[in-house]
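Two complexes come next, and they have one chain in common, chain A, joined by chain B in the first and chain C in the second.
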Partner chain A sequence: MKPAPFSYERAASLEEAVAALAVAGDEDVRVIAGGQSLGPMLNLRMVRPTRLVDIHRIEALRAIDVLADGGVRIGACVTHAMLEDLPSGDRFPPGLAEVLRHVAGGIAYRAIRCRGTIGGSLAHADPAADWPSTLAALGATIELAGPSGRRSVPAGAFCLGLFETAIEPGEIVSAVVLPGSGIRRWGHRKHCRKAGEFAHAMAVCIERDGERLEVWLGSTGGAPVAIALDRAALAAIGGSEAQQRAGVREYIAAALPDAISPGDAYARHLHAQVAAEAVNDTLANRT
Partner chain B sequence: MNAPRDATIDLQLTVNGHEAKARVEARLSLCDLLRDSLHLTGTHAGCEHGVCGACTVLLDGQPVRACITLAAACDGRAVTTVEGLSGPLVDRLRAAFHAEHALQCGYCTPGMLVSAVDLLERKPGAEEDEIRRDMSGNLCRCTGYVGIVRAIRSCAQG
Partner chain C sequence: MKMADASNAVKGADPRDAQAGHPAYASVGHPVLRPEDERHLHGAGRFVADIAWPGALHLAFVRSPVAHGVVRSVRAPALAPGESFWTAADLQDVARPIVAKLNRPGFQSAPYPCLATDRVRFAGQTIAAVVASSRARAEDLAEQVEVDIEPLPVIASARAAFEADAPLMHEGWSGNHFMKFTRTFGDFEAAVACAEVHLTRRYRMERLAPSPLETRGCLAVFDRAQGRLLFHTCCQRPHIQRDFLAEQLIGIEQHRIQVVVPDVGGAFGVKTNLYPEELALAAISIKLGTAVRWIEDRMEHLLSACQARENDEGVTIHANRDGEILALEAEYLVDGGAYSMLPSTSAVEANMSANVMPGPYRIRNYRATAMSACTNKAPTGPYRGVGRPAACFAMERTLDELAHVLGIEPHELRRRNLIAPDAFPYTSATGLVYDTGDYPPMMDTAVRAMGHGEVRAAQQATAPDARERIGIGYAWYVEQTAHTAKEFFARGSVVLYGFESARIKMDISGSLTIETSVCSHGQGHATTLAQIASEVTSIPMDRISVRAGDTDVVPYGNGTFASRSVVLAGGAVHQACGRLVERLRVIAAHLMQVAPGALTLGAQAVHGPAGTEPLPFARLAQVALQYVHELPDGIEPGLEFMSSYRPPVETGAFSAGVHAAKVAVDIETGAVRLLDYLVVEDCGQTINPMIVDGQVHGGVAQGIGQALLEEIRYDAQGQPGTVTLADYLLPGFGEVPEVRIEHQHTLSPFTAYGMKGTGEGGCIGGPAAIGNAVTDALRGLGVSVTRAPVTARDVWMALQAAGSRAGAGDPPAEPAYTWMPPQ
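This part shows the complex of A and B:
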């Protein structure tokens, strides 16, 4: 339960970190921020890097800035706890701080949230992580820094599969940029067998005026998956409150993409149920 | 693998208010630094992959898992272990853990106390369901949760 030996360097700036990632020979270099995913993998020797580049002290990566266009830029090394503790009365677009506080506060345990970072969670791309699906639904872009400069990737196209992302060799996640448009209603639900455990199903629903309802599923075993819902069809579901909720559940069970846990009726039921809860929370504004 | 064997780092940090210096391997965890180098064996190593919470300590006042925090990452920072917890809240928690039989074998207790101190400092009036949720990252294999939750609740305001 101890890591294999490696060498360690702490980068003082993003430029220094990118330079440190230049690999020589048969080196296996990994970036570490909070280490809340990499730490267990090192201890279990699931990974055996020869060198770690620690970016968690880079001050520029720990900033949360409101941009001129009303958007919000969150540095890669901002911890889940910092987002859980976002003060009220900030200059964030309406609804955004509530979503971030709720999602961040539901990640694992406080001691994990105090170290784990939003950028590290994205780079690690565990299918059960909360940020990949949430940031896709929020229409975020992921900023990457590499030897040939900076580039941005839409959050919905960032995760490619199990532990697989759009990060190219030598690149580091530097920030998450969230759009400035306000959120009208939202819902986020996940199913864990124990509080704080890896989720078996997860869904987030974001409603903005004049835009399509963004509903994304996490914990799919691979990349987050969007489900297309017809707002008119949802609005047409009538009856009592209980009947409406059941109607939404039926509609989502029918709309669940075939790629989600094919052949596993129980898993598909869980995904549909959790997605329906997120959508029902949104429609009822019960959040 | 040609992992470097001489990857050592010189550290200086504050542990329970005292300056500590150590030359450590880069792969050493904060937990092993505390226990094996500084002989502070109150911090317990349980699962060693961040699940059980027995190794929870305060790093610059915030709870962290010492088993998945590299000692090298703590250079220049302040660590508080169960040995260094003090103050009126800690005194009340200690008495409450005793009164409510909140420990059996005691293995989880250091982590429980550190997490409980952090919980009550952030949420002084925490209700039982909130305490149960917030303490869910600390496992007790004697299943003494009823006593643990009761002890923490008795130290909450209101």
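This part shows the complex of A and C:
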């Protein structure tokens, strides 16, 4: 279980990294940051790049900045552990740090969180990863740096499918930008058979002041999926806690796209179940 | 900082204090910290992969991508100087194919070549090998090898092996079974006719990968000048491994083979076998006359190392209405894989399951069928527990079903059937001789410690629409340990494991070296064996070294497996130390000019009558090793004592245990959460209770893995679906709760200190106890556990099915049982 031969270079700056990505001939160049997904895939020879460009030492990509408009810019090489350990009492928009801490702290194991990065997770676009659905629900934009400068893609439109993203050849995820508006209530749930395992179902629900509930499902086998949740319908579901959860679950099950786990009743149930739990957590909690 | 100073032994409460009549020991029975942990905690352990050998080449195997086929051609890659490529034809003059045999009627054996000759029979079988300067380079070359295989129909399950159109797996066989038999014990038919209730259930235990932290690996160094093979490996039995290598390799006998086993990171039975990979490595090293290394990666391990279990079970209990079992019927159908492993064979699981099924219960009338099928999957063999987890699952799950049918508490039903304390020595229906046991108090302890009544009360108080349901389950087992030659002979084993050896050396300072024939793979022999030596000699632990795992150093013996080391190697140390002490007494008596009987031993000295100066061991050692002119006449110089211990009774010392699990089942997801896990165990006198607890904890983790997570999967074409640890789920700290342990000490009458082995018990009870607890939680919902692992998916699907049956007014799915009128 050793990788096929490849050449390796370490970029000292984002500009250097972008320049290094300029592909010559039939070269297959890949960016490596924390290497927590790419490493095993290299060793299993599931990917066989001819060259790796290592960006994890680029200091500028490890910054977390609060922007003038109140938003937050997270560098692509910020690790899950750095987000898990976000100090409280900073100038983040209300609720945001709690969501980031919770989601980051639930990714795999601490050892993996210490190396794995938010940008790497997005670029890799494993459907079972936590960030694609979470950042979509948070209304984030993904910043890409390429040979012709920088551009931004809404997180909800970033992941296109299984290991597929909006990244164009020659581009690198440079940052994630989160909006400055506060989060009123939120919920994030996933179902794993064991701690740290890739989730079989995952859902996040974000409610901002005066806005609708953003419900996004992850672990769908493809890109994260948004579920339109009508407040009126939600309000109509009453009864005991169990009945309410069942009601929300049924509502979400009805809205679940047919393409998600077709023919697998349990998998479809789990998607609706964790989404109902995330919605219920949201309604029950106030940050 | 020094981590564990063995001389500052932690002295815990002696478990025997409460038992009148047992002596209190100075070292035995105390939770002494393990000196060997210091190096492991500092990352300073030395495993096979850590052995630096300048110039050693690396080997990678070319493995079959298909489950069954005829190998038409194998084309070599383009090699650079110093690289080499090997197929079966290149090794046939050095290595014989492995043939595992069992001396039992109807057993069928077949050659298992180190590299496939003409046919491949499972995906992952070794076809060729490449040797290069690094593992990465060897893998590059291995993937360039072109293999042309003509596919054959695939047998992907035990049942498929017996279908009329199934291809014959091995030439000359009379069917696709390694072995099958039915045996009847007692007056079976008459007992069945007397029974009032007959209850049949079917279960399945999935296939497992034993998964030690350290995978397989070896470094073979053939020295042409000396004509000697130095074989570093991570195995459980250095001398047996040397015997196997000598048997398989052409033209090299044992005296020219040295097997060296450094630290071993877990083995669990998977490292008792001689593997084709190991044989190929040794053969290629001999051919090349150089050092070659193969360190298995996890994917290879999950593809091709010995797998286990995969046991389809059918059980019928014939009982009275009051729960007394009158007769028992069991059928085990095991998917044994493509080849038998040397030496335990693919029949070991089914045979053991059938043999041990009656467990701690007074069952005299018994019929068992055991079938081991040959299929296109990786070979199976011994994994901690061997057959007992399956037998326990079948027996204990069915007892809970019977208890439910009869309206008796499961623990009460068990109590009514346990072997009575005054029945020992007890010979089981299948002929196992249980030395001692005291089972009823263990059941009482488990029920009390689990708060059984409170669980029942909490279940009563659970709201009908509650999301979580709690349940409690028990599982019993007995564990035959330290059985020896006659017992293995009776089972048809070709290799007989009759004894273990120890050589005790006292040096001139009076410190001790123990050379033992057993081989620790994490069990802490360096501590337990030293404790026994310390107990006999009064020499403190920090003045005793234990050496193992080198056939040029340690005396011949069989190694570590089958829960035998403490009794047999401990017995050998006990015996050899006794001889040393006797010699020291004789020398002291001569120097003091008193009768040896007037002397006592203590504090590293021999003490004479009151008023005389004690003679320190160092002084006596000086006489024995240097000032030999002071020795009494007729006493040989030297202080080395070799002892091979063969127990007076060969049928083994029987440990026993009850596992109890309390679970919560989330009926909305099917997920099972362990709330509490208790083990009540009895392994006689414990030498080091902390190590016994460690054995239990580790075993329970594996039992939990089997109960809830682990499952090797193959598709209908025999393609493995679980070749990484992302697919094959092992339990981690998050899945293993704190395990509570209650000890009982029913001593064996024929072992030193009354000890019994305890290596395997921890992993036997998990699937049954957890399966019973989940079933108990879901009783009102019409769901019972029939498969291990119990997955959330299975539970949820079963709940849906039960719910729709109930909605339609249909009876439960399980054709439960038949009543017969009392006669």
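In this text, the second predicted complex is superposed on the first by the 285 of 287 C-alpha atoms of A that agree within 3 Å, B and C clash if a C-alpha of one lies under 4 Å from a C-alpha of the other, contacts with A are read in each partner's own complex, and residues count from 1 in each chain.
Throughout what follows, a residue touches a chain if its C-beta (ideal position, glycine included) is under 8 Å from a C-beta of that chain, and two chains touch if they have at least 3 such contacts.
As the structure is a computational prediction, the values presented were derived from the model and not from experiment.
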Which partner chains sit in contact with A:P3 here, chain B, chain C, both or neither? Use first/second/both/neither. both
Touch count on chain A, higher of chain B and chain C: B
Which superposed partner A:G35 touches (first chain B, second chain C, both, neither): first
Tell me which partner A:A228 touches in the superposition: chain B (first), chain C (second), both or neither. neither
By the touch definition at the top of the document, which applies to A:A111: first (chain B), second (chain C), both, or neither? first
According to the stated criteria, A:Y266 is in contact with first (chain B), second (chain C), both, or neither; which is it? second
Considering only the touch criterion stated at the top, classify A:D54 as touching first (chain B), second (chain C), both, or neither. first
Going by the contact rule set out at the top, does A:K194 touch chain B (first), chain C (second), both, or neither? both
Is A:R45 in contact with chain B, with chain C, with both, or with neither (first, second, both, neither)? second
Chain B/chain C common contact set on chain A: 1-5, 40, 44, 194-196
Residue numbers on chain C that touch chain A, as the complex places them: 134-136, 139-140, 143, 297-300, 465-467, 668-671, 709, 724, 726, 729, 731-735, 791-793, 796-797, 800
Contact set on chain A toward chain C in their complex: 1-5, 40, 44-45, 191, 193-198, 240, 242-243, 245, 265-266, 269-270, 273
Chain A contact footprint on chain B (complex, rising order): 1-5, 7, 9, 25-27, 29, 32, 48-50, 53, 56, 59, 62-65, 67-70, 72-73, 75, 115, 118-119, 132-134, 136-138
Would you tell me which residues of chain A are touching chain B in their complex? 1-8, 10, 26, 28, 32, 35-36, 39-40, 42-44, 48, 50-52, 54, 56, 81, 108-112, 114-115, 194-196
